[in-house]
Every structure is written in structure tokens, then in C-alpha cells.
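Below are structures written as C-alpha cells.
Look for subunit A in each of the two complexes below; its partner is subunit B in the first and subunit C in the second.
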Partner chain A sequence: MKLPAFLESRQAKDSDLFLHSLFLAGESVYLAGYTSLIDLPQSIVMLRQLALNAAGAGKALFDRDSGVGTPMREPSEQEVLDALAAGDALICSQSGDRCLRLIPVGRTLSRALESPTTENVLRGAISAFNEDLDTNVGLIKKHLPSDTLRIRSYSLGQSQRRKTVLLYAEGKIREQLLQSIVQKLETLPDVDIPDLQALSDFFGFPKWALITRYNTSELPQEAAFALEHGKAVLLLDRFPFALVLPSLLSDMFVSQNDRNFPAIIMFSFRLLRVLGVLVNVLLPGLYVALVSVNPEVLRIEIALSIAGSREGVPYPALVETLLLLLILELTLESAIRLPTTIGPTITMVGGIILGQAVVQAKLVSNVLIIILAASTIANFTVIGFQNATALRLGKYLLLVLSAMFGVLGLFVGIVVICAYIGHVNTFGVPYLSRWKAGRRYG
Partner chain B sequence: MDKSRQVIVMFWITHIGLIFFLYPTEIIGSLTAGHWCAVLLGFLIHISMLAVYTKGLSQCAPLNVIDLFQGVGRVFAFAMLLPLAIYFIMIMIITIRAYAEIVTVIFLGNTPLWTIMLLFLAVSTFICLLGIESIFRTGMLVALLFFPFLILVVVLSFQNTDWHYMLPLMDRDAATFAYTLRRPFLKSLFAFVGGFLFLGFIPPHIPFQGRKIVLASLGLIPFFLVSVYVPLLTFGENTASKFPFPFIMAVDTVDVSWLMFDRVTMFFMISMLCFVILFLSLGMWVTLLMIKRGIPVLKDPTACLLLAAVVYSVCLLVPNWSAVERLMWWNTLPRYYAAFIIPLAVFALGARRRRMEAVRP
Partner chain C sequence: MRISARRLVLFAVVLAGTLALSGCWDIKDINHRSLPVVMGVKQIDDTYKVLLLIPDATPSRTDVKIISQSGSTIDEILDKIDRNMENKVDLLHLKVIIFERSVAEKGLSQSVESFMRARDISNKTLTAISVGALEPLFDKLTSSSTSDGTEMYDFFEKNAGWSPEVVQTRIWEVFRSMDSFTRDVVIPTIQPGLSTTIESNGAAVIKNGRMVGVIDSDESLLYNLFKGTGTQGKIEVMNHATVKIVADRLTRSSELKEGQATMKGRLHLKVTVLETVGAPTEAEIKQEIDEQLSARFQSMLRAAQAKEADILGIGQYFRDKLSRENLRQWRTKYYPFMKIEFKVHVIIQDEGLLKMKR
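Right, the complex of A and B next:
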């Protein structure tokens, strides 16, 4: 393959590719790379310096030990394209028979370190992961300055190579867990891993699972804490979250940040989160069960006042609850997509709709609004957005069962949910395990 | 790694689920005074059989009951396990039918019986399909969620008790053990027997210590006594014996002014029902283990659904409560088989194995 000719033909298809001819150490060479990834003037300055150094040491530019770059011997087209796509620069001689691959001065294409956007920290380190893989690894290393930390990197996918880094703490992680993860990663799949769903398919996790098998976190300190406690952390390039394997029920309630508070406050926070989960999942179902099937369970005064507030509401409690829940879910979903400038407006409008107006129009009862508001607030007491969404789905099961069987349906629904989360496991580690470093529980 | 804790919790759950509904009726029906004597006698039988059973199991440690019996011979295993399988299927039918009836009587008057039975069966089939480890873990979680309720209600249930009803502590009837041959007492033993047989079927990757289970079963004594004595102390013997579910009636009399709920009992009963569902799924799992060994063609989801379908259709055929009672009485014989012959056989086989192992090296 004639390299300069190939690059020129490529340039016709890809205008981002530059082919710059220059003199280095008395030789006329081509410098090739992507404009969008390489800072050209800076790179040329660096190259000249390197070439001067090589000449000073009496080495030819394309020698293996010239210190300029790695020689590529008769590279295939794919190798050349891979090198360019990875952001490296190529230097090739005018005749095209010799070629060097080198790391140029790149453009900064990542954000600076910022505070987390989905997980707020009250007390603790505020820096969060960003899209740059090396930055993320560095952040974890800063948080876990220990010689037990091991890092293995893989490049997954066929058409898009995605760099993936597996981190674990030697001696802390359970050998069996590490083996299963490494075994999976070393099969180096042909499929691309553009998102977490693909990754989860690749790991062989069930497709229709409600509970994600990895816990995601934006905070380096959470990742470091997980590593120290014998879990594995997976970092994907261009993905500003650490994936912690395995995920456990306790991830919903326990955060490393809590440990920056006095122990008793830490425990009350955790208790509060457990209560939050119960309130969120149970309250809507309980309302439907008590209003439509088993009103005799309530004290007569409360039963009467609820019945009074429902006066004029034309449909059964289940429909009423589902309607309002739908609006709430819509609000939650739209709030994610709203530009920050419009956000307050929608909040206000939503507040009015979900507040007095809908009650005065006799579309839903007062009590229901209180209950659903409490339930929605409680939903977000748990740690991690992915956990909160899983809970959101759980309450619909309870809602339907409660409408059919009253309080019995509600409780049976709890048993079903318990059975489901009792069944979930990640690489053989049950979701319900109590996790201690170096110790295993069933 | 020892998983005794999970096994103990499951053991408690299955028993507590069985205690509070039918057991007090039978005990109060079987004698007029000195009920503690009947309770303790039943418990003595329970714990001695449990000890024999777990001792036998620990002696032939990695094997479960099926493997143990099959080691003697296929025909022997078949002959021993067929009645046991029948007993388990019977108990599933009776439990589902009886508890569905209880549910309609107590709080779901308008809901048709078949839907409730379907609910019980569907949920227990689902849990059973998830496998034994999931059953145990579910048990832990359910216990964690529902036990506080349970303890609260048990404590509250003493609100209206009059301790004078405790007397007389004993009469001639109780002292001579004349009640032991009466029908209600014989039937009452179901609460002691059904729950512990599953221990023999637990696969070796869930190790447990038999001794711990026996000790843990002592913790059930208060529940047995409370279930009988709370209605007795609340209503007196004469009135209590008239109720179909005396404990539920007694708890219904409790009035807690600081709670927003009028019928605390409802939550209590439903937690019990959830325990019963777990008991059902455990029973189903054990039965399936035997069925799959007997008919190897049947594989898991099919076998499970088939069993559920059979149980459900028989449940539908049971017309009324007296038929349920008749079924319970018919099940007494398989029950004694399951309660006495199986543990003793396991113990004997365990001892034989131990002896053979002692001779061999």
C-alpha cells in the first residue's frame, strides 16, 4: 500500500483528515492526523523538538529508538485508520515506505472536573467523573492511594473500539467474582457497546430485569469506597459514571457520604431512606385498597373524611390514582428535558394543576394528592436515580393487586416483589447479600 | 458457609403461618381445661421428631432424603416417598382452600373464592419457580418486614385478657391424657408436623446445623401458647370454643386509640397469609423435587405449572368448609406417616450409614 496515496484518497472522503508536508531533521515527511483531535501548531513545535533531539543523538528519524514515535512496519489500511481514529498522528516519508505513529498534542475535548449533576454531596469530595477515561482512572487513584489497586484495560467492540477499564483491589475482591468478570471481558465481543443495555447483554444479564445489575455512581469517592470493600469498578470511555459490580440492595440506602456524619445521624438517614422506599411503594396501593376494597380497616372518622373528600369524584379509586400518577410521571419525565430557563414555569403550572385546581374540579380527591405527593417525594430519598426508577415501576404492581384484592393484594404484592429481589443476582452474588470486605454472606 | 439463619427464619415462618388460624380452634375443641398440657404435649412430639430427623440428616450429611432413600433401592424410595408426595399435595390443597375460605369470611366477602385461590397459587408457583435459594432469601426479607407487625399485634392482643380464665390449670381429663385420642387433638398436630419436613430436602449448598434448628424451634412455644391462651383469656373457655377462628376474634376485640386503623388484626392476618404463601411455595418445591425424580421426563416450568394446575382444579372441586374439614381428617394418616415414619426412617438410615462408614476404613 502506498501510504501517502492512500491518505490522499482518504482525504477526499474525510475532510477532517490533514496531510501536512514538512521537513524534519533534514527529511521531507508527511504528517497526517485529524484536525478535530490534534492541535497542529503545538504538535509541530513538539515534533521539531523531538527531531532535533534525535538528530543530536545521531539517530535517524525513522529509527526504532529515535524517541519520536513507534515505527509501523507495512501497516494495513485498517491499522492506519485505527491509529488515526484513536487520535494519534502519523509521520511517513515522502516515498511512503517508512512510517511512525506518535502521540501528538491533542485538543481538549472533555469538560473540566465539575461537581456531580445527578448526585448531590453535602459533606465529602465534590468532584465528579467526566467523559475522559484517563481522568476518571486518575480520580479514583487519587481517592484510593493504595498499592492493592489493580487496573486492567480492554478495548471492546468491532466498528467502534470502546476503551474499558476494570479496577479492583487485590486481596479485597472475591476471587470468583473477579474471575467471572474478567472471563467475560476477555472474550472481547464483536458487538459494539454503545450503551449500558448492550453492556448488560454482553455480560449476559437478563434483558427484562427491573433491577440493574450494576450500580452507577458519579462520585469517585463512592467508586473508591466500593473498591475498598471488594467490589469491582468498570469505567467506560466517554461515560461519566463508574459502574460498580455487583449491585446490592444496600446500595439504595448506604452511601459513603453518610460516614462523614456522626454514626447516629448516619443510621437515621438510612432508616429514613428505608422508610422512603416503603412509603413510596406502599402508599398509593394502600389508598386504593382502603378506599375501594377494605374501608372497614380504617377508623370510622378517617374513613368518613376520605369518603367525603372523594364525594363527586366520578370514577373508582384505581382510575383516579392512575390518572394522577400519570400526570406526575409526565411531570418528572418532562422536568429532565426542560431547559433550565423554562423549568420554573412548568413547575408552577404543574403545581397548580396537581394542587387546588384538580381537586376543585372534582377530578381527584384531596387525600390522593397528599398521598401521591408524599409517595413521589419519598421516591427520591433512595440513592441513585436508577434505583428510584425501579421503585417507580414496583408501585404499579401493588396498585393493581390492591385494586383487586384490597390489603391482601397489597401484602401479596410485597411478597412478590421480595421474591423478585431475592431472586436477582449478579455473577452469583445475590442482590440481598450483606456485603463485607473479604467476607461473604448468602 | 453456614446458612442456618435463613433456614431458621423459614422454619419459623412456615410454623407461625400455620399456628394462628386453625390450631387454637382444634386445641380449644379438644379439652376444657389445662390446654397448656395439650400444647406442650404436641410440642414435645414436634421437637423430639425434629431432633430425630435432623440427627439422621446430619449423619448422612450431603445427601437429601430422596438420595438417601434411593441409596437403599428404587422401589424402596418409591414406596417411601409416594405417600409423602401425596401428603404434600394434600396439604397444599387443604391450605389453599382453607385459607381462601378464611379470607372470604374475614375480609373479602365479595371476592369470589376462585380468584383468591388463584392468587395464592400463582404467587407461590412464581416463588417456587425462582428456586430454593430465592425462597429462603424472600423468607428473610418478608420476615424482616412483617415480624415487627406480628410482635406488635401479639403484644396488643393481651389488652382484654382476664387472667382468671387461666384456672383451672388442670383437670382429670387433661391429666389422664384422655384427649390425645380425640379428633380435634389429632388434627391439631398439623401445626407441628407440616413445617419441618422441608429440612430434609435442602440441597447441600445451603448448609445448616440441625442443633441450631432444634434450639430455634423452642422459640415457637410462646407463639403456640399465645395462640391458644389469648382467646381463652379474653372470652373464657365456653365462648372461645364457639368461634371458628378464636385467635382472630380475640385480636379483633383490641382497640388501639392511637392508631389510624380500626382493625389492626387485618394486617396481622395478612402477614400470616404471606407466611402461608411462602409455606406453600416451599411445599411445592419439595413436592416438585420428588415428582421430578420419580418422572424424569418432567422439566421445571412444565412440572411446576402442571402441579399448580392439578392443585387448583382439586381446590375448585372442594365445595364447602365441611369438605375441607373432612379432607383434613383424611389427611391425618399421611400426616402421621410424614411426621413419624419419615424422620425415624431417616434416622435409621443415617445410623446404618454411620455404622457402615465406621466399618469400611
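Right, the complex of A and C next:
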């Protein structure tokens, strides 16, 4: 393959590719790379300096030890393209028989460190991960200045090479867990990993699982805390969060940030989150069970007031609840997509619609609005958006069972949910296990 | 994990089965049920008449209505009412059952048995006996109902309007007494009040499901003390002082010698002095309480013994001392001749804001 000719033919297809001829240490060479990834003027300044240094030491430019770059010996087309796609620059001689690959001055294509967007921190470090993998690794290193931290990097995928970094703390992580993860990663799959679903498939996690097998966090201190407690952290390039393996039930309730509060307050926060989960999952089902199947459980006063508030409501309790839940879910979903400028308007309109008009139109009872508002608020007491969404599904199961079998159905539903989360495990670590560094499981 | 076709079919079958077999289309929402709070039972010759007090809830306020129907059995009457009502009559929330005095005198057995057998009536429903006719009482309940018709329930409810002079008797207790050798019950008597909705002036003595006598309010208090129902807050009026009972405890022992049953009861009271007339000493007050309560207790017991109605369930303390044959005769052979030594031991816990003579 004649390199300059290949690059020129490639340039015809890809206008982003530049082929710049220049003189370095008295030799006429081509410099090639992607304009969008390389800061050309800065890189040329750097190159000239490197070439001068090499000449001063009496080394030829394309020598292995010239210090300019890594020589590529008769590279294949794919190797050249991979090097370019990775953002490296190539220098090749006019004849094209010699070639160097070097790291140029790149353009800044990542945002600066910012505060997290989905996890708020009240007390604690507020810088969050961003899209740049090296920044993320650096952030974790800053938060965990320890010599036990081990880093292994992999490149996954065939047509898209995604850089992936596995971090763990030597001596803290359970050996079996580490082996399982490393074994999977070292198969270096041909499938691309464009999203977390693909990653989940690659790890062999069930496709229809309600509970994600990895916990995600935007916060470096959460990742560092997980590492220190013997979990593994996976960072993917262009993903602004860390994947913590394995995920546990306690991830819903326990955040490292809590430890910045006094212990009693920390435990009350956690208790509150547990209550929040129970309220969120049980309340809609309980309402339907008590209103339509087992009204004898209610006290007479509240039974009468609910009966009064439901007077004239045309639908059975289940349909009524599902209707309002649908609107609530729509509100939640649309709130994510709304431009921030329109957000408050929708909140106001939604509030008026849900709060007043629906009741006055006698479509639903006002007790139900209280119940569902409480349930929705309670939903977001748990840590992690992915956990909150998993909970949202659970309440529908309880709702349907309650509508059929009343309070009994509610309890059957709880048993079903408990059985389900009891069987979930990540690389052999049960979801319900109580995690302690260095402890054996399974 | 791939979901195999077999699993999908299984899932579909389970889902279809659950939906088809659940029977949830028979479920009636709470606003399609009538929830009677009070039921009145009266008897005219051989036919029963049942009155139901049903709160009728609307979003803004709650009205109360009375539904009545007659028939030969209570079940038949309820069936008739259900047929004619626009809602399903649901007795799950029935709180109080009121019998007219004439029903109680003829015997409650048939109706109590049918209540116990009915699955939707709670066994802990309270009972009461109306001294006069039922209709004026129900009219009074309707006309004075300010909220949701739960006045009658609140009257007996411990965390609402209950006071220690009112006896609480549940339907299962009446049922238990009907077949028991050694236990009878009292059922509170009520009537429409002049200024208040309801007035209670004592209780009816029920022996084997039949009303045989009455006790008054003061005796009802003693009955409650004996049963161990908390009587805190009670004001006891005497010649020289008014005291409030703060805590009470009863110890008892029983003895059976040569066919003579003897019971020793000792009531420990802690009281607070609220008011004095003149200047009684502590000892005087203590003695007066003892004398007054003991005398009242003895007179209540004499009356009950004369009717052979063991309302305090004293026979329970002799169950391990008598054979089953003899237990059968407890009411006739032993109870009327039983002796009881009743002492009241008083501790004045607090003299209130008064200076008292030692």
C-alpha cells in the first residue's frame, strides 16, 4: 500500500481529513489527521520543536528513538484508519515508505467539570463525571488517592471502538467477582456497545429484567466509595456516569453523601427513603383494595368521607386510578423533554388540571389525588433515577392484584415482588445481600 | 435470557386465567354500598321490624336516612331492604345494634344467633337496649345528626364519648352468655335525651339471652370496675367529698367449702380529691368510699343473685372447683347462696389543691 496515495483517495471521501505537507528536520513529509479532532497550528509548532530536538540529538526523524512518535511498519489500511479515528496524527515521508503515529494537540470536545444533573448533592463534592473518559478516571483517582487502585482499559466493539475502563481496588474486591467481569471484558466482543442495553447483553444479564444489574452514579465520590468497599467500577467513554457492579438493594437507600451528616440524621434519611418506597409502591394498590374490595378495614368516618368524595365518579376505582396514573406518568415523561423555559408553565397547567379540574369534573375522587400525589412524591425519595423508574412499574402489579383480590392481593403482590428481587443477582452476588468489603458471598 | 415460546404461552394462560377467574366484576365500589351504622330491632307479635340508620354521603355533606322493613326473620328483612335499595346494603360497618326492650324481655337468642351467623356483621358490634320505642330514638338520631350519623357509635367509643358509667357489651359476649353456665351479661339501656341525643341510665341484666332486671348507672360503674374496664376520670360523689378515680385494680379469690361458695374481692383504688364539703380527714374519706362502694356492690349482687343472673361472671372463678354436672347447676344451686366479702382499699394519691387535715 502506498500511504500518501491511500490518504489522498480517502480525502476525496472524507473532507475532514487533512493532508498537510511540511518540512521537518530537512525532510519533506506529509502530516495527516482529522481537522475536527486536531488543533493543526498548535500541533505543527509542537512537531517542529520535537523535530529540532531529534536533530539536535543526531537522530533521524523516522527513527524508533527519535522521540517524535511511534513508527508504524507497513501499516494496513485498517490500522491507519483506526489511528486517525482515535484522534492521532500520522507523519509519512514523501515516498510513503516510512510512517510515524503521534499524539497531537487535540481540540477540546468535552464540557468542563460541572455539577451533576440528575443527582443533587447537599453536602459533599459537587463535581460530576463528564463525557471524557480520562477526566473521569482522573476524578476517581483524585477521590481515591490510594496505591491499591487498579485500572484496566479495554476497547470494545468492531465498527465503533468504545474505550472502556475497569477500576477496582486490589485486595478489597472479591476475587470471584473480578474474575467474572474481567473474563467477560477480555473476550473483546465484536458487537458494538452504543448503549447500556448492549452492554447488559454483552455481560449476559437478562433482557427483561426490571432491576438493572449495575448501579449508575454521576458522582466521583460515590464511585470512589464503591471502589473502597470492594465493588468494581466501569467507565465508558462518552458516558458521563460510572457503572458500579454489582447493584444491591441498599443502593436505593444508602448514599455516601449521607455520611456527611450526623449518624442519627443519616439513619432517619435512610428510614425516610424506605418509607418512601413503601408509600410509593403500596399506596395506589391500598386505595383500590380499600375502596372497592375491603372497605371494612377503613374506619367508618373515613369510609364515609371517601364514599362521599367518590359520589358521581363514573368509573370503578381501578380505572379511575389508572387514568390518573397515566396522566401523572405523562407529566413525568414530558417534564424530561420540556425546554426549561416552558417547564414552569406545564407544571402550573398540570397542577391545575390534576388538582382541581379533574375533581370538579367528577372524573376522579379528590382522595385519589392526594394518594397519587403522595405516591409520586415518595417515588423520588430513592437514590438514582434508574431505581425510581423500576419502582414505578412495581406499583402497577400491586394495583391490578389489589383490584382483584383486595388486601389479600396486595400482600400476594408484595410476596411476588420480594420473590423476584430475591432471585436477582449480579455475577453471583445476590441483590438482597448486605454488602461488606471482604466478605464472602454465595 | 431468551423467552421461549413455551414460557410465553404459559404466561398468557396464567394471565387469562387470572383475569377470567378472579371474579372482580362482582366487586362494588364503596360509593355503591350503603353502610348502615346503627340497626334497631323490634318485635310486634311474631314479626320483626328492623330499622337501619344509613349515612348518605355526598361530596359536600352527609345526610342520614332511616330505612325500615318488617318480616318474620331478620335475614328476610335485610334481604327485602337490599332488594329495594339503590345501593348494596353492606353491614360490615354496623357499629351498634339496638334492641327494643320488649324484644330483650322475650329473648334475644334468635336474633343474636342470626347476627353471629351473618358473615358481614362484625362480632364486635356493640349492643344496646332501647327503653322506649325505637322510632323516637331513631328520629332523634336523625334530627340531631350533625356530621355523618356516627353519634351512636361515638357515644360508646372509648376514644370518643364513652364514660365509665356506660357498659360496653359486644354481640359475641351476648352470644357467649347465652350458652354459658357461669356467665351472664348486662346490656346498656339508652333512650333519646332531652338536650343530648342519647341518654343512658344503666343497663339491663340479661340471663340466657333474656332480660330479667336492670342496674343503674352507679352499679354500671362498679360492673366496669369489676370487669377491669378502665374507669379513669370517674367522679364519685359522696357526702363529704368528690374524688376522681385515677387507677383501679381488683384482686379476687374464690373458695368452695361444703357446697358453699365464697368470694373475696379487694378493690384497690387510687383517687384524687377534687372537692370537699366541710373538713373531712383523709381517713374519713377512705372509709366513706369503702362503705359506700361495698354497700352498693352488695346490693347490686343481691339483686342479681335473686334473679340468678351471674352478671359479673363470678362462676368463672369456680369452674375448676366444680364438676361439669355441678357447673350446670351453678346458677340455681350455688350462685344465689354465694357469700362475697368485698373490701375497697383506697390510696389518696393527690389531695388536689386542697389542704386536708391529717
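Everything below uses one rule, namely that the second predicted complex is superposed on the first by the 439 of 442 C-alpha atoms of A that agree within 3 Å, B and C clash if a C-alpha of one lies under 4 Å from a C-alpha of the other, contacts with A are read in each partner's own complex, and residues count from 1 in each chain.
Everything below uses one rule, namely that a contact is a pair of C-beta atoms (placed from the backbone, for glycine too) under 8 Å apart; a residue touches a chain by one contact, two chains touch by 3 or more.
What you see is a predicted model, and the numbers here were worked out from it, not measured in a lab.
Student: Is A:K207 touching the first partner subunit B, the second partner subunit C, both, or neither of them?
Tutor: Only subunit C; A:K207 stays clear of subunit B.
Student: Output check: A:F405 vs subunit B and subunit C. Expected answer is one of first, second, both, neither. What do you get?
Tutor: In the superposition, A:F405 contacts both subunit B and subunit C.
Student: A:I300 contacts which: subunit B (first), subunit C (second), both, neither?
Tutor: It touches subunit B and subunit C both.
Student: Kindly classify A:V415 by the partners it touches after superposition: subunit B alone (first), subunit C alone (second), both, or neither?
Tutor: In the superposition, A:V415 touches subunit B alone.
Student: Considering only touches as defined above, state whether A:S309 meets subunit B (first), subunit C (second), both or neither.
Tutor: The second partner, subunit C, only.
Student: Once the structures are superposed on A, label A:A317 by its partner contacts, choosing first (subunit B), second (subunit C), both or neither.
Tutor: second
Student: Figure out whether A:V291 sits in contact with subunit B (first) or subunit C (second), or with both, or with neither.
Tutor: Touch status of A:V291: second partner only.
Student: With the touch criterion stated at the top, can you tell me which subunit A residues are shared between the subunit B interface and the subunit C interface?
Tutor: 293, 296, 300, 404-405
Student: Could you please specify the touching residues of subunit C with respect to subunit A in the complex?
Tutor: Spelled out, the residues of subunit C in touch with subunit A are 1-3, 18, 22-24, 27-31, 33, 35, 37, 55, 57-60, 62, 90, 92-93, 95, 122, 148, 150, 153.
Student: Residues of subunit A touching subunit B in their complex?
Tutor: So the residues of subunit A touching subunit B come out as 293-294, 296-300, 302, 404-412, 414-416, 418-423, 430, 432, 440-442.
Student: Residues of subunit B touching subunit A in their complex?
Tutor: Interface residues on the subunit B side: 1, 3, 6, 103, 107-108, 111, 115-116, 119, 123, 126-127, 130-131, 133-138, 140-142, 145, 206, 259-263, 266-267, 270-271, 273-274, 277-278.
Student: Can you list the residues on subunit A that touch subunit C in the complex?
Tutor: 206-208, 290-293, 295-296, 300-301, 303-313, 316-317, 403-405
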